[in-house]
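Below is one structure; the comments refer to it alone.
For reference, chains read A, B, C, D and E in written order, and residue numbers begin at 1 within each chain.
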Amino acid sequence: MITLTHYMVLSALLFTLGTIGVLTRKNAIVVFMCVELMLNAVNLTFIALSSHLGNMDGQIFVFFIMTVAAAEAAVGLALMIAFFRNRESIDVEDFSLLKW
Amino acid sequence: MYDNLWLIPLFPFVGFLINGLLGKKIRNEKIIGAIATLAIFSSFVVSCHYFMQLLDDPQKIHQVVVAKWITAGPLHVNWEFLLDPLSGLMILNVSGLATLITLYSIGYMHGEEGYARFFSYMNLFAFAMLMLVLGGNALVLFVGWEGVGLCSYLLIGYYYEKKSASDAGKKAFVVNRVGDFGFLLGLFTLFWSLGQKGVWTINFVEIAENVHLLENGGLVVTVVTLCFFLGATGKSAQIPLYTWLPDAMEGPTPVSALIHAATMVTAGVYMIARMNGLFAMAPDTMMTIAIVGAATALFAATIGLAQNDIKRVLAYSTVSQLGYMFLAMGVGAFTAGIFHLLTHAFFKACLFLGSGSVIHGMHHAFHHAHLNDDPQDMRNMGGLRKKMPITFITFLCSTLAISGIPFFSGFFSKDEILWWSFASTRGHWILWAVGAFAALLTAFYMFRLVFMTFFGEQKTAAAAKDHIPESPFVITFPLMVLATLATFGGLLGVPHALGKLFGHMPNILEEFLAPVFEHTQHLHEIHAHGSASTEYMFMSISVAIAVVGIGIAWVMYCKNPELPGRFVAAFPKLHRAVFNKWYIDEFYDAMVVNPTKKLGTVLWQIFDARFVDGLVNGVAKVVRGSGRVLRYTQTGYTHNYALSMAVGVVVIIAICVIN
Amino acid sequence: MENLVQTAMQNVNFAAIMPSLVLACFGMALLLIVVFSRRGATLHVAGLSLLALLTTAYVAFTGWNNLQTGFAGHVVLDKFSLFFTFIFLIAAALTILMSDSYLKREGYPVGEYYVLILFCTVGAMVMASGTDMMTIFVGLEVLSLSLYVLAGFFRGQLRSNEAGLKYFLLGAFSTGFLLYGMALIYGVTGTTNLVEINQVLSSGSAISANPMALVGMLLLATGFLFKIAIAPFHMWAPDVYQGAPTPITAFMSAGPKAAAFAALMRIFLVSLGSLQGTWEGALWVLAVLTMVTGNFIALNQRDIKRMLAYSSIAHAGYALVGLVAANEIGISGVLYYMLAYTFMNIGAFAVLVLAGKKGEENLTLDGFAGFGYKRPLLGVLLSICLFSLMGVPPTAGFTGKFYIFAGALDAGYVWLAILGVLNSAVSLYYYLRVMVFMYFKDPQEEFDWIQLKPGVTICVVLSVIAVLYLGILPGGVMSLAKLALF
Amino acid sequence: MSEHLLSLMTFFPILGMFIVLLLPRNAGGLLKSVALVVSLITFVISLPLALDPVFKTSAGMHYTEFAEWISVGKYFTMNYSLGVDGISLWLVMLTTFIMPIAILSTWQAVTKHVKAYMAMMLLLETAMLGAFVSLDLFLFYIFWELMLIPMYFMIGIWGGANRIYAAVKFFIYTAVGSLLMLVAILFIYYQAVNSGMDISGFSVTDFYNLSLDPQLQRWLFLAFAFSFAIKVPMFPVHTWLPDAHTEAPTAGSVILAAVMLKMGTYGYLRFAMPLFPEALRYYLPYLTALAVIGIIYGALVAMMQKDVKKLVAYSSVSHLGFVMLGIFALNTVGVSGAVLQMINHGISTGALFLIVGFIYERRHTRLISEFGGLSTSMPVFAVIFMIVTLSSIGLPGTNGFVGEFMILMGAFQGELRWFAVLATSGVILAAVYMLWMFQRVMFGKLDNPKNRDLKDLSLRELCVMAPLLVFIFWIGVCPNTFLDKMTPAVDHMIEQISGKKPIVVPQVLPATPGQGHAAHIQAVEHGEHHE
Amino acid sequence: MELLQLIFFYVVALVTLVAGIGVISCRNPINSAISLVMTFFCLAVFYVMLHAPFMAAIQVMVYAGAIMVLIIFVMMLLNQGLVAIGKHRHALVGAGIAAALLVVQMVITVTKGQVSEPVGAITAKVVESVGHTQLIGQAMFTDFLLPFEIASILLLVAIVGAVVLAKREV
């Protein structure tokens, strides 16, 4: 029997994987993809919970998360392009003009 | 009747204001001098008036409240005056001497820079001194007390461009302040302890009335009186606070005469006499006073033996004579003390003024000859009796008086003190012995002074030799008056023993002062072995001592002038010690002055700057420093920021969930 | 199908979203106008945006005494949200006032800028009035996305790019946590509606020991604390504030911060009130940590913009004290403080806008040497703002801090209050340092490039007047803040 | 008019400040004149207070003004509540009196940014007056903090070489203390509110009746005491003072010494002590010890200073130690002596700073070693300097004596007698450091050629000093002018603090002046004296 | 049947995790992207298993179809080569520790945590009978109308933002 816990643990693992990615990857696009991974983990949680609880709120939430993810992708990638134009790089370690 | 007592201090104050404010404009020395003399003379006249009135008045103690001064809670202080026989005598003494000395100064200070300044200070001093003696409560007395200290400071430092002079002034003030510290403490304790009994007062009359409330001989009274005595030692230059007086000779000679011989330095004696009722209740203090007085008398006399500066010899002699007065106070012979105060004022003022006259002449001569020799050094003098006859005669009279030659004033007063120091219930033969030995030394060094100055060969540099003039009349006149007083002043207080001899000559002074010392009369009881015959014996011993002293001086300084040199060669260390005043100043410097300065420096540069401020700045530095460290957490790398967030989340969750 | 529409329409209550609706409509209309405007002409856009804000303010004002709920409990128009709405509107208006000349100076006269500010404000308003996690989330994202863009708005400027990108990456990361927290809360309670969450949570006593509820709550908080820039989620703030266009920095540290506070307070106080025992302690520590971090690091800054960024972190810490107190005084204190902070902070930034040269390389302490003499009026105005930031009476900053710490003390948080005031003592140093340079050093420059453009001047003057008004006669606004509790 | 007298007085300088701000920047003389006139008018406005006999009989607050200011329900209410009693009366008068003098003293010393300077001075006056007349703790706090701003700028802009350090130190040091006080103020307020007391705002008179838990009192008292101790300044939190004083311009130092330091002592008397009497009892020995340490420490450190101004600054530490000692005596003599000494210190130390200012203007140095023999070139100055020095030393007949005497007397009547003994030794040290300094500056040979042609005091400078000299003697000779009006308030305050009625002894038989008053002692009969 | 389901679940979960590890460990961003797409597909499978077919559909369409295409497109545009995982070892260590703790915490949370009892009436049966899309639509346009509308503003902002940021000239 697949229980809710299975899904929850899986999503927790995925969420953590995403977090690790954000913390370690240097390519801004990859970092962003890891954030997407985190969001997807959240999505899985929501849908699993929604299915368990028997109401649609969680699924609607996922809907909005997807919307937001899309919008963020648009804006984020635009930012990266703008940065790349000036710096010829999207390595996060090159975001070091502002510090201290 | 005594409404206008305030006029007495007022006149000199007005004189002070006139000369102080307008002196620069007046310029004319004669007018300045006249104003000053007149001011103090007026107050002398008024004093005489009131004194006469007092003599006729059956009621001898009068208080005059002029105005309220400080009123707060239980503390009521008025500007009030007290006229009783004691203060009556003192105002006469002060205003009279001040008049003479001011007059003298007109001549002596001629041509000095700051002439008006000098006279205004003199008047201010007279004002303060009169406040002191007239003050009806301890605080008004204290006004005068500090006021004379201030004037002393100003007048010692009169030649302010001279470092030694201004140093001496400062020393005088500070040492006096140490005494004042004691005075204040005594006053506080007295006020508090009487207050505990329900009487909150610092008025002398009320203190005298209520002093019986305190435990006789108890700790409180002893502490109070010891504190007051500390004040007295400061003002009256007793051990341990005498060191300022010799230095004070940096001031012009009239100042030394007026302040450092005749009036101010006796304030301590006066103060003890004023509170005799209180002191009488503290036998321990009385004993201390007597011992200190005797010790000072002897100690200062020893130093006086070896000084070459004419004024310094007189200064140490003053310290020594004040010691006698304290000895008298200590054995309960208040009248004798006051008597000696008066006679001492006469002869010591005369001596100082005489020495001033000498210095004036020497200075004139050296100035004429363009020499830089010290006009005060006795080794430059000698044989002056011919050049300055009036000065010599008056000086000699006074010296005889101080040496205790019979029928000069000093004989009566000193002898009475010595007698009481033996015969009083509080007396002891050791006290007498010390006093007598000091008298021997006194006779010796005073005649040493006379012989070195007026007898023998003239040792003045040849160029100046013939230009030593006798002083003008304005200088010699006060000398003559004072010499007369010094000679005959003793008749005021002829001892009973002698009085009987001369056909029941009364002891005027004792009778007059009796109301003041009424409560302490019991101390005057003569203990067992005191009798008239003993008194005669002691008197003879005194005379003998004086004669011996003079004789030694004559041998050493007239007959065999090389003797002193031999003596010095025989006991070099002793001489050096005596000559350097037993190194007491150096001792104080090493024990008190330098450590205090050092402490100040340490507190400032180490405690204040390093420790306290270091702590303050240290906190600031730590804050800023930790800010600087924290700042480097802000690396600019995005994943570090993300890491910080993740760690934050992890930690917060851990903490909350564990809780 | 018919009844579905009816149900849908029953839920609709436009009155409940009227202010944001009006503003959003204005925003869209402006977008069209921008499209058809000549390139580089932005003045009319700025004017129209101000008009939009004014209209919105009016609409909001009419709704003050008129509680509205609607959209199936997704939104409420109460005094709380309206108070915050006014803060957002003021922040946006002041920002717009100072922006026009700035954009022209820096070479980006783009009309979309204003539109984005308006949309951002809409997002903030939605956050403040949302009563459902979903609404709040969407509002938050509207706000965030606008800000990402605005932070990176000077696309030719590396600093601005970097700021935008950092903000974006970290913001998205924090969104992940936020959402995960929401998911867990949803799992525990079965609902996303704040009121219902509270009902569930306060009904069962076991729930407060439920790790899922706790962790969900903390993750949820993380998302908002990130926006408020509470340590240790603050690290983006200095970089982004420094890199972003100055008016945007000013706006960001006032409006969106207040929005995040609004949402945080609503969620924590309405939904998670029963977990207060837990979050109180956590927020206590975070408040202190934030004050310390912000103030201590600010001590060593020479770039004034960056220094103000750190100071803004510290101020978030002060405001959080009010939330920790979680009593009426503390909460209304936060409201009041956000308003006060809006004025003083924007006022200070507006002077920076005026004083900067193109590229703003001169906005360092040394660049301000003698500023007070060459530009006395501006110097005084900046000083007043700085004194207010310090919390010296009689300024808004003082009354604000007073209010906050009063709340903390009323709730018995004595140590928190003490640490708070000690921190503000530390903060004195770096604010004073600006004045040290402004007044105690000799001028190195003539500051002749400064032109008192009307918009930004009005912005500064208005801010300072408000700062003084709130400092001297704070009673009225304080009472409003008190009324504005839910 | 009289019901708004205090408001008028307090805010008139602010009005003047706006006038000054409206004047053109380069109108130097006009700016100064306007500021001077404004401060003089303020003084005139405040005069009715000093002349009002009501203070002689009544201990309460007079000229009270009350208006609701901020009211946020039960959260907090602050009122605009002013009033003076016999204690604050004299501090107010001191402020209005010193201000014109301070302004006049800057006539030539300040050349740059005159407008700002005058504006700051006037702002400062309002702040100081406000702090003295506030009866609402919140209002008081506002004025209290407001004072810092103008002083900060005065030190920082017109100060000496190390002015930035001094200004920042001054500001932060004092702010740290007052912020803690703010916490305590709020805490008391909520204690009062939560205990259901009927209070009107932060009214201090209401708080007096608040009975707090003793343990709590101690903490609250510490917060207040710390804040005020910094301002006083008491040892060991005095280190801002030498820096601030040394670097501040003359007028700044004068105001700082004359008025602002009094804020601390006033704060103790008005707030810290009556609000927390039990805590006071607990801390009294420690505080007294600190006061005494301050007296001796300040004197010892002052003694070794090389800079005249720093010396005077440290002497302030010593003098304020006396004031604190008097306050802690908790009896009429001590406390009224302390209040009187506050005024005295204002006058004497204010005058000393003016004097230092005079020579600094002439020689642009304050190092003692640079001077010597100035008496020769500046005789009038020498006289004035002497008088002020003596007043600072506490010579009888000058103001300093009356104050110090009363303080020591009072302290001695209290329970902490031994501290009074130690403190009395400060009298000696004061003479040492002041006279030594005076000697080194004024006496000796005029051997530094730069000192040879120094001009004596100008008419303006004499005008600056003259009123101070008048008061030096006035208070010295007739302190009752001042004591009469403060005693009822002081007694009331002591009762408030210690819960005991202070001892008041009506004076017995004060014979009317001019009437010879026969003592009770009967004239002793002249009996025959025994042999 | 249930066992089979469970095995299926584990297989897909494994694939998901492996793909997830691929996302964070592939040196080539393109490979990461492909792994991410793989994860998305796996998740879609789970959605189906959770009776949310509509969500599965838009998961594939929006995420895999739209977002990932956009990402890959930009990646190509920027022409990024190989990028190492990270230079800073200590950062890696820190990240590792933080992540390990995080995963422990999350797993404890979701296993120990008490999820609410079912509250709604929408069981698998209802989904099957009414249809998932309709249910979503009903909820979206009744209860969740407001966020939906605001989402439109969100997208508008995104568009405007992207345009403003990415266009070359003013």
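The rule is short, and it goes like this: a contact is a pair of C-beta atoms (placed from the backbone, for glycine too) under 8 Å apart; a residue touches a chain by one contact, two chains touch by 3 or more.
This structure is a prediction, so every number in the text was calculated from the model and none was measured.
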Q | Where chain C and chain D overlap in contact partners, by chain label | A | B
Q. By the touch rule set out at the top, what is the minimum number of steps from chain A to chain B?
A. 1
Q: Work out the mean Cα position per chain and let me know which chain is farthest from chain E.
A: B
Q) Of all the chains, which has the CA centre nearest the overall CA centre? A) D
**Q.** Which of B-E and A-E has more C-beta pairs touching across its chains
**A.** A-E
Q) Where the centre means the average of the CA atoms, what chain is farthest from chain A? A) B
Q: Provide the C-alpha centroid distance between chain C and chain E, rounded to the nearest whole angstrom.
A: 30
Q.
Taking the mean of the CA coordinates per chain, how far is chain B from chain D in Å?
A. 36
Q.
Can you compute the centre-to-centre distance for chain A and chain C, using the mean CA position of each chain? Integer Å is fine.
A. 25
Q | Chain centre separation (chain B, chain C; CA means) in Å | A | 79
Q: Identify all positions of chain E at which a residue touches two or more other chains, and write them in rising order.
A: 86, 91, 94-95, 98-99, 102, 105-106, 108-110, 115-116, 118-120, 138, 143-144, 147, 151, 154, 157-158, 161, 163, 165-166
**Q.** Two or more partner chains touched - positions in chain A
**A.** 8, 15, 18-19, 22-26, 31-32, 49, 52-53, 55, 57, 60, 64, 68, 71-72, 75, 78-80, 82, 92-93, 95, 97-99
Q | Residues of chain C whose C-beta touches two or more other chains | A | 134, 137-138, 141, 145, 148-149, 152, 155, 164, 166, 169, 173, 184, 187, 190-191, 211, 215, 238-239, 429
Q.
Touching pairs of chains, all of them, please.
A. A-B, A-C, A-E, B-C, B-D, B-E, C-D, C-E
(Q) Could you list, by residue number, the parts of chain A that touch chain C in their complex? (A) 8, 15, 18-19, 22, 28, 31-32, 35, 38-39, 41-42, 45-46, 49, 52-53, 55, 57-58, 60-61, 64-65, 68, 71-72, 75-76, 78-80, 82-83, 85-87, 92, 95, 97-99
**Q.** In the complex with chain A, residue positions of chain B that touch it
**A.** 631-632, 634-639, 642-643, 646
Q.
With touch defined as at the start, can you tell me which chain D residues reach chain B in the complex?
A. 169, 172-173, 236, 238-240, 297, 300-305, 331-333, 336-337, 373, 375-376, 379, 383, 390, 395-397, 401-402, 405-406, 408-409, 412-413, 417, 420-421, 424-425, 427-428, 431-432, 435-436, 439, 442-446, 477-480, 483-484, 487, 490-491, 502-505, 507, 510-524, 526, 529, 531
**Q.** Contacting residues of chain A [partner chain E, same complex]
**A.** 1-2, 4-21, 23-27, 29-30, 32-34, 36-37, 40, 43-44, 47-57, 59-60, 62-64, 66-75, 77-82, 84, 90-91, 93
(Q) Please output the residues of chain E touching chain B within their complex, sorted ascending. (A) 86, 91, 94-95, 98-99, 101-102, 105, 108
